[in-house]
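Multiple structures are listed underneath, in structure tokens.
The two complexes that follow have chain A in common; it is paired with chain B in the first and with chain C in the second.
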Partner chain A sequence: MSWLSPHIATQIVDFSSAMLLLTCFAIVAQRRLSACVDLFALQSLFLAMTAALVAFFTGTRHIYIAAALTVVVKVIVIPRVLKGVIERLNVTRELVMRINIPASLLICGALVMIAFFITQPIIPFGHLLTRDSLAIALAIVLIGFFTMISRQKAVTQLIAFLVMENGLFLGATAATYGMPLIVELGVFFDVLVAALIAGIYTNRLQDAFDSVDTTHLTELKE
Partner chain B sequence: MAILLFLTLVGYAAGLLLPLCVPARPKVQNILAHGLAGVAAVGGCCLGITGLLAAKPFEMSVPSTLPLLTFAIRLDPLASFFLLTISLVSLAASIYALGYVTKFYGRVSMSLLGSLFNGFLLSMTLVVIADNGFFFLIVWELMSLISYFLVVTEHEKSDVRYAGLFYLIMTHVGTAFILLTFLLLFQESGSFSFDAFRQPEQSLPDGMKTMVFLTALIGFGTKAGFVPLHVWLPYAHPAAPSHISALMSGVMIKTAIYALVRVCFDFFGGYFPWWWGFVVLAIGAVSAVLGVMYALMEHDLKSLLAYHSVENIGIILLGIGAGMIFHSYGFEELAALGLIAGLYHTINHAIFKALLFFGAGSLLYATHTRNMEEYGGLLRRMPWTGACFLIGAVSIAALPPTNGFISEWLVFQSLFLSYEIPSLFMKLMLPIAAAMLALTGVLALTCFAKAFGISFLALPRSSHAKHAEEVPWPMRIGMGFLAAGCVALGLAPMLAVPIMDRVTASMIGASISEKMLALGGWALTPVNVEFSSISSPVLGLVLAATAAFGLALVALHGGTRAYRYGKTWACGLNVTPRMEYSATGFVQPIKRVFSTIYQPTVKLETDFLEESRYFAKRRRFEFHIEPVFQKYLYDSVVTFMSGLAHRLRIVQAGSLHLYLAYMFVTLVMLLLLAL
Partner chain C sequence: MITDQSIFQAIALTLAQAIVLISVAPAIVGLIRKVKARLQCRQGAGIFQPYADLRKLFRKQPVVSTTASWIFTATPYIVFASTLTAGLLVPVFASQMPLNFAGNILAFVYLLALGTFFLILAGLDAGSSFGGMGSSRESIVASLTEPAMIMAIFAIALAAGSTNLSTIVHKTALLEGIVTDPSSHVMALAALFIVTLAETGRVPVDNPATHLELTMIHEAMVLEYSGRYLAVMEWASGIKLLVFLTLIANVFVPWGIATRVTPVALSIGLAVYVVKVAGLAVLIGTIECMFAKLRLFRVPDLLGVAFILALLGLLFFYILRG
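Our next item is the complex of A and B:
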């Protein structure tokens, strides 16, 4: 787009990926499960926006399809499934946490620093307008991973897993302007199936232990 | 030669695949599998003989897509000799199995058993002719795995499963060391082909050479089963079906001997320090004595034979060790003598041990028990088996005119010729080894006097033995074939020695067969005519003449006399099997003499009548000997490992979060380290 300088384009993409990171922190700070799901939907919306912006600035058409799929799968379908699960199981709040919220936020801050520190040597080599998003993508992956460890309810862990996936998608968009379309379609399908399976698994957990607390799984140890 | 090779390999491969393809009719599968194995084994025999007579080694190579791996085959005299040994026993085993496996009909899948049997023979054949380290390791591992599956044929019994697991662990520890050997050699030569290993320009540093030797000794030693790596033999050999035990004990453990000779004399070209030979000699002497001593205490016929494998591997190592010592001091002719003695005993042991295992298998087939105390009086009921077993027993006890005698005599000669070595230490050590070999010989004779006497003579000790019947013809033919081999190799060393001389000449360079065969081949003189010589054909004739004379005397005098049957004088009692010498009783004096080694524990419980302590109501006698190596060496390792594992178990908390945290920490650490 000749009427827009590349510098400004980079700024806009960076802004929308920063919004992704912000929603991550919001998820970490949130106790209510349905709010977590909403935040995830919001994050996915920002992701779709970032992807659409990249597609718009670079003219890579197939990223539009990926963005549209993101909206359909991650903003509409998966949140609905999760909401259904939460309603059926009647779990509203994450009560027990391994690490409390202030400490979690501090650790997440540290993880963002680590992510930027790690990508520091790589970023100058890139010529893409999305190159700064790579650090953010890595930070989101790490935060998602950390959330999986620090939360006990299976639903929260599932959301954290999906957040990680968002981070990976952002990373792929940032590093190479998206994966080939066929790969992206496969990934979307995978995520959908994974979310469904995890929903079923959560139901099973509830049936078996009367709770979706994954620490009960320790009892399965020999 | 390529045609023979093709016939052999395709024969085994067909035997491996076809039984799995035909419908589930045990009889058809049996004939198909063992028939094909027999044809392939004949091909293997011809191939071995051609390879031994050929002017230069036959080589063939098929490249593969994997780097460093080529399916290279090389038939030099050493490989051909072991190929011949393996194929001879395989042929006998194929014939024997035709009859023996009928006892598994309906219990064990015949297609699987026959197919694995062929696979086992194929892998053993390939092990000795492989000419690439990578290829060798693959077929070696195949051989180990297939033999494991064969050991656990009767996996419904828990002791069979235990034996199989024990064997599997031991053989994998061994393979780890063998892998190390090849990797060390690879590091120096940059290739896995045996050709690169034996290049003289890649002279390894001395420390590295020693490492290669020691890893090879441990790695192949676990397969050969010398002390203290022998512990799996008495478990695994009895557990396997008898024709498999014969192959494992008779030939499979020989592949390790092959590999040791290959490493020392081929890869290192015979350039090694004297103490390598001394280590081999010492291990051989200890294995020979301890093997036979533990064998004496066994009343399970197949365990007894398994321990005798330890003993005979020891004797083979005595010959090879003596050869290595002579070689390092530059006495090439004596070195050749030592090696010939070792190789001669290798083929002899393969034949008579397989024969004895066949015999044990026949007894098991007829009586359904391996416990010698339940045999007795079987010679009358199973004359063929008895005769063949007797020939095997005479051979393993090294009595003339059978093959065991000739090879042990050669080992003795090579040990006695140590007076030529300049080192005083060696002058002392080799005769001590000879003395230990003499002790071994005596104990082996005792052991087989017991094994044959208790099993075949006197009265039956159980109803099993009383109702035993002679085994089917294929089994008799298989045993007869090997029994003939025992006698032939004993009476005709002048035919066998030149063949083995070709093997040693190809490695050491000294050809001594002309010196060894005096009087046109009728007498055997180890290098030095003045020192000693022997003529086994004449010895055989003298023995035959003596026997004929004895029989003639009986015919002349005893034959005319009328027999009178009456009760044996036994204080007025009838003679019952309970009055016979038992196997335990037979070896009691030896148990007493060597109690330091056996560390026996005896428990005697007596319940007396209440009225008087002079009358016992019931007596219970228990007796155990301590498996010293297993207790002190292996059990301590096992205790240590399981203690370690127990401590490491805290890592496995079962918590999902903890596992995720492991991954997370690893990921972050790796990312930070990658900078």
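Our next item is the complex of A and C:
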């Protein structure tokens, strides 16, 4: 956009990717599963907003389609599926976690710093308007990965997986102004299917063990 | 060069700021209550009800426990004075306050901490079991909010290159010589907002509307107060809330504040200030309706989030500018 200076455009995109990181921390600190799902939906909304902003500032039309798909798939469909799973499981909060919340938060803080330091050498070479978003995207992937490891319930692990995917999408948008549309479509389909399968798998886990604690999967059972 | 005119102007500005803080505070408390009532489908008392409450309390005869020492009767005035002094260090409607030579962020934080310290002492002083319990809880919360609060303001102070609140607000308002960085700005803002909820005893941490021993923190400490002492205490807690809202409004979104001392700029600044603070009050009222109070042992989790966010806000500055 010619009427807006590139500096301001960068700041707006940075602002909306910072909101993504903020919701990440909220998900890590949250115990109630349904609130985690709501926060994931909110994060996806910020992701769609970031993608739409990038599309607007760069004039890359096909990112609009990806942003619209994000809203449909990650803000509406997947949260509904997850809410259904949570309702059926009749679990409202996660009480078992391997690492308690304050320690998790500290580790996540360290992960964010690592992400920023890793991308530090790359940033000066980039002339894209989304330079800082790359670091945030990497931080979100790392936090998602860490949450997947540190939580024991299948539902939170699924949410963490989706958070990781959000980070990857942000990274793709930030680094290359979006992948080709056919790739985006493929990824969206994959994520949707993965979420559905994980939802069914969580239900089966509940039927088999009366719990969605994934540590039970290591036990041998007839 | 200090002239008679500039001294007169400085005194007038400081007095005006004190009057604005003292007079607007009860209305903000009333506004939050009104928003909560409306969202709960109640009519609710008017926005100006707290003024009537204060007048009623000032007329009543105070009752003081026979075991209480001088600390008990001195505390309301100390809390009121320290909170108001802290408030005078924060630019309210003009970006350069005459009192800014007197202190920076650290003075601000520890003036508030002085009030909290005496509040804790007074809670213990009367010898009631609830007061001691409230004091113990308040000291947990206060010790956890302090680092988050200092770091959140430091994140902004680094960008402005000064720990003086007037300078920070002035430079940010004029976008003069500083590059604000959205990520650290957002992180620090979120941290300071959580700290505000905790420090002023709003819902996720404390419930200002109950007198239930399981939930109260601030209310437990002021339980023994009555009459004019209670009025001063309530007024001081209203001012503390307003000072925090002012801090959020003017340090993070200072645009609209008067950067020069002219009547037009000052009146625009005042109008913008009232709108911003009222908006924040509506936001707090909405949040109080949406969330339940946290269990006391969950409060460190929430304040842990605030601390980490503030820390990240601080570090982003070095990493992104480094």
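Criterion: the second predicted complex is superposed on the first by the 219 of 222 C-alpha atoms of A that agree within 3 Å, B and C clash if a C-alpha of one lies under 4 Å from a C-alpha of the other, contacts with A are read in each partner's own complex, and residues count from 1 in each chain.
We adopt the following convention: a contact is a pair of C-beta atoms (placed from the backbone, for glycine too) under 8 Å apart; a residue touches a chain by one contact, two chains touch by 3 or more.
The model shown is predicted, which means the values in this text are computed figures rather than measured ones.
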| Superposition on chain A - do chain B and chain C clash or fit | fit
| Where does A:I76 make contact in the superposed view: on chain B (first), on chain C (second), on both, or on neither? | neither
| said: Per the contact definition in the header, classify A:I197: touching chain B only (first), chain C only (second), both, or neither. | reply: neither
| message | Per the contact definition in the header, classify A:A208: touching chain B only (first), chain C only (second), both, or neither. | response | neither
| query | First (chain B), second (chain C), both or neither: which does A:M148 touch? | reply | first
| said: Quick check on the superposed pair: does A:I114 touch chain B, chain C, both, or neither? Answer first, second, both or neither. | reply: first
| Regarding the shared-chain residue A:L105, is it in contact with chain B (first), chain C (second), both, or neither? | second
| query | Looking at the overlay, does A:L217 come into contact with chain B only (first), chain C only (second), both, or neither? | reply | first
| note | In the overlay, chain B and chain C get no closer at Cα level (Å) than 16
| Residues on chain A in contact with chain B in one complex and with chain C in the other? | 117
| field | chain C - residues contacting chain A, complex | value | 180-183, 185-187, 190, 300-302, 304-305, 308-309, 311-312, 315-316, 319-320, 322
| message | Which residues of chain A touch chain B once you look at their complex with the stated criterion? | response | 98, 111, 114, 117-118, 121, 142, 145-146, 148-150, 152, 157, 214-215, 217-221
| remark: Note: in the complex, chain B contacts chain A through residues 652-657, 660-661, 663-664, 667-668, 671-672, 674-675
| query | Where on chain A is chain C touching in the complex? | reply | 11-12, 14-15, 17-19, 21-22, 25-26, 29, 101-102, 105-106, 108-109, 112-113, 116-117, 120, 132, 135-136
